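Just dropping this structure here.
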Amino acid sequence: MKGKLKLDETDHQILNMLIDNTRTPFTDIAKKLDISAGTVHVRVKKMEESGIIVGSSLTLNYKKLGYTFIAYVGIFLEKTSQTQFVLNRIEEIPNITVAHVTTGKFNLFCKIRAKNTEHAKNIIFLIDDIDGVSRTETMISMEESLNDKTRLMKSIFENM
Amino acid sequence: MKGKLKLDETDHQILNMLIDNTRTPFTDIAKKLDISAGTVHVRVKKMEESGIIVGSSLTLNYKKLGYTFIAYVGIFLEKTSQTQFVLNRIEEIPNITVAHVTTGKFNLFCKIRAKNTEHAKNIIFLIDDIDGVSRTETMISMEESLNDKTRLMKSIFENM
Amino acid sequence: MKGKLKLDETDHQILNMLIDNTRTPFTDIAKKLDISAGTVHVRVKKMEESGIIVGSSLTLNYKKLGYTFIAYVGIFLEKTSQTQFVLNRIEEIPNITVAHVTTGKFNLFCKIRAKNTEHAKNIIFLIDDIDGVSRTETMISMEESLNDKTRLMKSIFENM
Amino acid sequence: MKGKLKLDETDHQILNMLIDNTRTPFTDIAKKLDISAGTVHVRVKKMEESGIIVGSSLTLNYKKLGYTFIAYVGIFLEKTSQTQFVLNRIEEIPNITVAHVTTGKFNLFCKIRAKNTEHAKNIIFLIDDIDGVSRTETMISMEESLNDKTRLMKSIFENM
Amino acid sequence: MKGKLKLDETDHQILNMLIDNTRTPFTDIAKKLDISAGTVHVRVKKMEESGIIVGSSLTLNYKKLGYTFIAYVGIFLEKTSQTQFVLNRIEEIPNITVAHVTTGKFNLFCKIRAKNTEHAKNIIFLIDDIDGVSRTETMISMEESLNDKTRLMKSIFENM
Amino acid sequence: MKGKLKLDETDHQILNMLIDNTRTPFTDIAKKLDISAGTVHVRVKKMEESGIIVGSSLTLNYKKLGYTFIAYVGIFLEKTSQTQFVLNRIEEIPNITVAHVTTGKFNLFCKIRAKNTEHAKNIIFLIDDIDGVSRTETMISMEESLNDKTRLMKSIFENM
Amino acid sequence: MKGKLKLDETDHQILNMLIDNTRTPFTDIAKKLDISAGTVHVRVKKMEESGIIVGSSLTLNYKKLGYTFIAYVGIFLEKTSQTQFVLNRIEEIPNITVAHVTTGKFNLFCKIRAKNTEHAKNIIFLIDDIDGVSRTETMISMEESLNDKTRLMKSIFENM
Amino acid sequence: MKGKLKLDETDHQILNMLIDNTRTPFTDIAKKLDISAGTVHVRVKKMEESGIIVGSSLTLNYKKLGYTFIAYVGIFLEKTSQTQFVLNRIEEIPNITVAHVTTGKFNLFCKIRAKNTEHAKNIIFLIDDIDGVSRTETMISMEESLNDKTRLMKSIFENM
């Protein structure tokens, strides 16, 4: 963490505009903040190089694409020494979008998106079949009511 | 769902490039796919209007921003008729980035990001204090090993 | 139970044929068993009057009718003295096809059939809103692999 | 689902009468609906061929037959790859009338009917002894308060 | 159960007196009930032979004997086919005074009496070490508030 | 515990004989141990007065009396200050033969004996209806495999 | 944390000697480390003022003092807003030696030391009776096998 | 326990002063209690030799030393016969400051102190990797609100 980048007010304002729309042209940002487009470019580059900005991702409507089923799967491993091996297998299953190492009841905890109940069952069976997985327990979402990091990101920059 | 947009091969290729980098200029996409930039523009607009593309979001490194603590919070409500009211209160807490209605053990299930243990405790206490919330149970992430929707999105378009 | 009907071999054979197809004409049964149709009629009437045969029901393919979602709902009551009242409310919800009084973890245990996740959520919310219901926990079926009382009925008559 | 049968008002009325009593003669249905018996026959045949009507089953009073004990058994498998094998063994036990694949706490979830506690214990031991079954947990019904699909079937046709 | 003994009012009164004090001399019972001592003798013999009276046991004050620790131990077996074998091993441990076959969370459920925490730990370790026992879970009694079958026995005879 | 009675070898032998059969005449014990009947009488009296012998109880075969159903009921209280009040109500229900104060999952833990499932349900509902009882959870015995304090009593005297 | 004291090798060695025996005279430490007693005094004072050394505590043998019973008590609160109030009440109970705010299953988690089962029950009842405490669950220690911070303290200084 | 040391009022007062500060010079204690320093020395020696005083330990502020993370880890063993072996391995991990043998849900129960989430994860993985450990479950402390044996020690001497 030594020598980590200190963000100033201008950085925050640039991030705020990109958070609202990652495709905002740098010239628009420059005009709004009354700085040169080159400055915007330099600042963004600096934040990318320091690792604060990792990338940008498209927000799609999964329902419209036929993916209406979301579930959280808790995984019990036979041995925690298999953690990394199992995580590598998990990465090969694209329907698992999030995976955590936890130490409470479960060893690993994942989020999956599937087309329907039948499809979800097959994805869970894929997880169950990974070497080192002893058992899984699934919790099914009836509605994704909130999925939004924008509020958090704005709050972080406001409180910095 | 009636009259829902049918995506063709060109749409898939455009999405694939934007998934890799939402800031890819349309002219680059056009050149790569050997179509006009206007066509790219029209296609993207059509996918936005039909609701398939909801927006784009910046991927930040929360650790570098001092947010190293992730937890999942299960919420028990006093009555499910309070679900919408509690969800509205939850939206006012920016550290809650995801919230689901579930019907297993919990009524609601959330993901929170905090700076540290102390900060997380305070956020959980905010949730506990919402009218209608009877009790919460928290599971703490020791490591976010995977958080990536790109693999899923590519898999969806490949299998369409 | 005093004076309860003793079924004989002929009764068993009649039941066996009706179990296979409740619409089997009595004349077919009579011919098969080499008895008169009148006898079949008398025997069936007797079994109906003694309460052994309660009725007959159509077996529909719920999937073809758009009802693909099955869940089991465990209900916690505020007081067991409300059991009958809650059971009466449950009967008013046609999507609940089975309900048991249990004394383990739950007070009541139900089976519901719904069109999809959204529909199931609404049915569960109806249950949650019944006066006297304190909380529910739902277990979702990924596949109804077996639903067949014919094997049991045949086994009962064979072992009688 | 393509080309699936569309039921019209006449189909609904026929189903409604058969739901009340599967043995209702087609001539009675015809008279009631003011159509020919041949039409009734054709409609029922069509619904059977399209798979909507699967069959009909006798509703017996299990208590009168000495079967007073109902329990639900949750099954933990050693590996989910054994699911189909275990389901096949389950089908050989006639006292198991319902079986579901689930993905929550249990891998499989069954309903059993037995004569009494002793009999139930033996059936559960049969399940425990199936290869691939690691453990079972049983919940005992104190009273089957509701077991009726008629209300659901009528509600489906009314809302179609 | 065929030909099981029907107890009459005199039997009930004899049992009632013996329940209060198993050492009551038959002559006292005879005088009280205004029958001959021989009749008392015959009746008691008959109840012993029919298996209704199994024997009599001394009620000791375990606390005064230095046995102040009571716990209930739930046992998980590796396979239910080992039930009888494990029960035989359990019988060899005199501190286990009660054992049940259960089918809920546990396979077997026992009551143990020990001198103190250290002693209880050693008894539980004996159980854990039986072949076929996979795991145990113990619930400790803080106070045995009631241990009395007299009220039940009297209630049975009053309601017979 | 001050001044508590020290049992000697003779006391142990007397107790051992009474444990086998509480009705053994003192003259038989005297002859067997080669002491006077008066000594036996004095020793037993002393053990009764010091509270070591509390009484004697008849061992009946509950199955033969139609009581085939045993269950353990865990009770959650609203407040532990109600413990004594609830224990008093519990004593009024003769089918509860054992009750413990526990501090693990449950506040109180009871054993009940009933005629059948229906009867057990009604007894559990009586418990649920006691003021101060918030909820109960029942575990049902499929078989009482062991219920014997004789082995313990003998082991105590052997190890004294 | 700004301006926090940096410990050097000499500080570590002083701490190491005091960890082994808090009563080691400063002159002994000085001689061993070949520095002046004044330096030891200054260093210890500095570590006390910076808050690294909070104090010293006597390690007693609780068993020898008649305190053989250790339990962990999980507390469920009615509302987390009562956390501080309940913690203040907990501090008034000297038998509670450790208390944590947790956010998993329990709201608070305590360690208690008592003379015996009866004493422990009374302490737990004191906790249950605090306003705002809804329920407690107790886990009893059968043996405190390790209670030693010396290894940790030495490891901290070695790895600094 | 035979011949165990009886503490008198003077011993209590000496202990009370040492509990407040283990480094209190014996001359100060002597002056305060109006006895000779030699007497203090003799009394303390006697209490050490009888095992009542085991030693003294430094109370450090772990937060100031960078150790902000506390967790409780429940351990499931494969066999309880491995208890001592696993306890020996646990002693080799200095971050485990407390360990208990328990017989409820877990076989062993530990307290760990770590620098942060990442560090804690690694310590828990060390535990998981011990031969004979089948699984662990961790509960994380959000705040150590109380850690004080002084109140207990004073209460013990006051009530002696």
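Going by the order they are written in, the chains are A, B, C, D, E, F, G and H; count residues from 1 in each one.
We take it that contacts are C-beta pairs under 8 Å (C-beta built on N, C-alpha and C of every residue); 3 or more make two chains touch, one makes a residue touch a chain.
Labels paired with UniProt names: A, B, C, D, E, F, G, H = Transcriptional regulator, AsnC family protein.
Note that the structure is predicted; figures quoted are calculated from it, not measured.
**Q** Where does the G-H interface recur among C-D, A-C or B-C, taking recurrence as more than half of the contact pairs being identical by residue number?
**A** Equivalent chain pair to G-H in C-D, A-C or B-C: C-D.
**Q** Could you classify the chain C-chain D contact as same or different, where same means more than half of all interface residue numbers appear on both copies?
**A** Over half shared, hence same.
**Q** Taking each chain's centre as the mean position of its Cα atoms, how many Å separate chain E from chain G?
**A** 46
**Q** Rounded to the nearest whole Å, what is the centre-to-centre distance of chain B and chain D, using the mean of the C-alpha atoms as each centre?
**A** 40
**Q** What's the distance between the Cα centroids of chain A and chain B, rounded to whole Å?
**A** Measuring from centre to centre gives 7 Å for this pair.
**Q** Where the CA atoms of chain B average out and where those of chain F average out, how many Å apart are those spots?
**A** 60
**Q** Please output the residue numbers of chain E that touch at least 2 other chains, ranges allowed.
**A** In chain E, the residues touching two or more other chains are 101, 103-105, 120-121, 124, 139-140, 142-143.
**Q** Can you tell me which positions in chain E touch chain F when the two form their complex?
**A** Spelled out, the residues of chain E in touch with chain F are 4-5, 15, 18-19, 21-23, 50-61, 64-65, 67, 70, 72, 87, 90-91, 94-106, 108-110, 113, 139-156.
**Q** Flag every residue of chain C that touches chain B in the complex, lowest number first.
**A** My answer: residues 71, 73, 120-121, 124-125, 128-129, 135-139.
**Q** Using the touch definition up top, name the residues of chain E that touch chain G in the complex.
**A** Answer in residue numbers: 68-69, 116-118, 120-121, 124, 140, 142-143.
**Q** Under the definition above, what is the set of chain F residues touching chain G in their complex?
**A** 76, 79-81, 83, 101, 103-105
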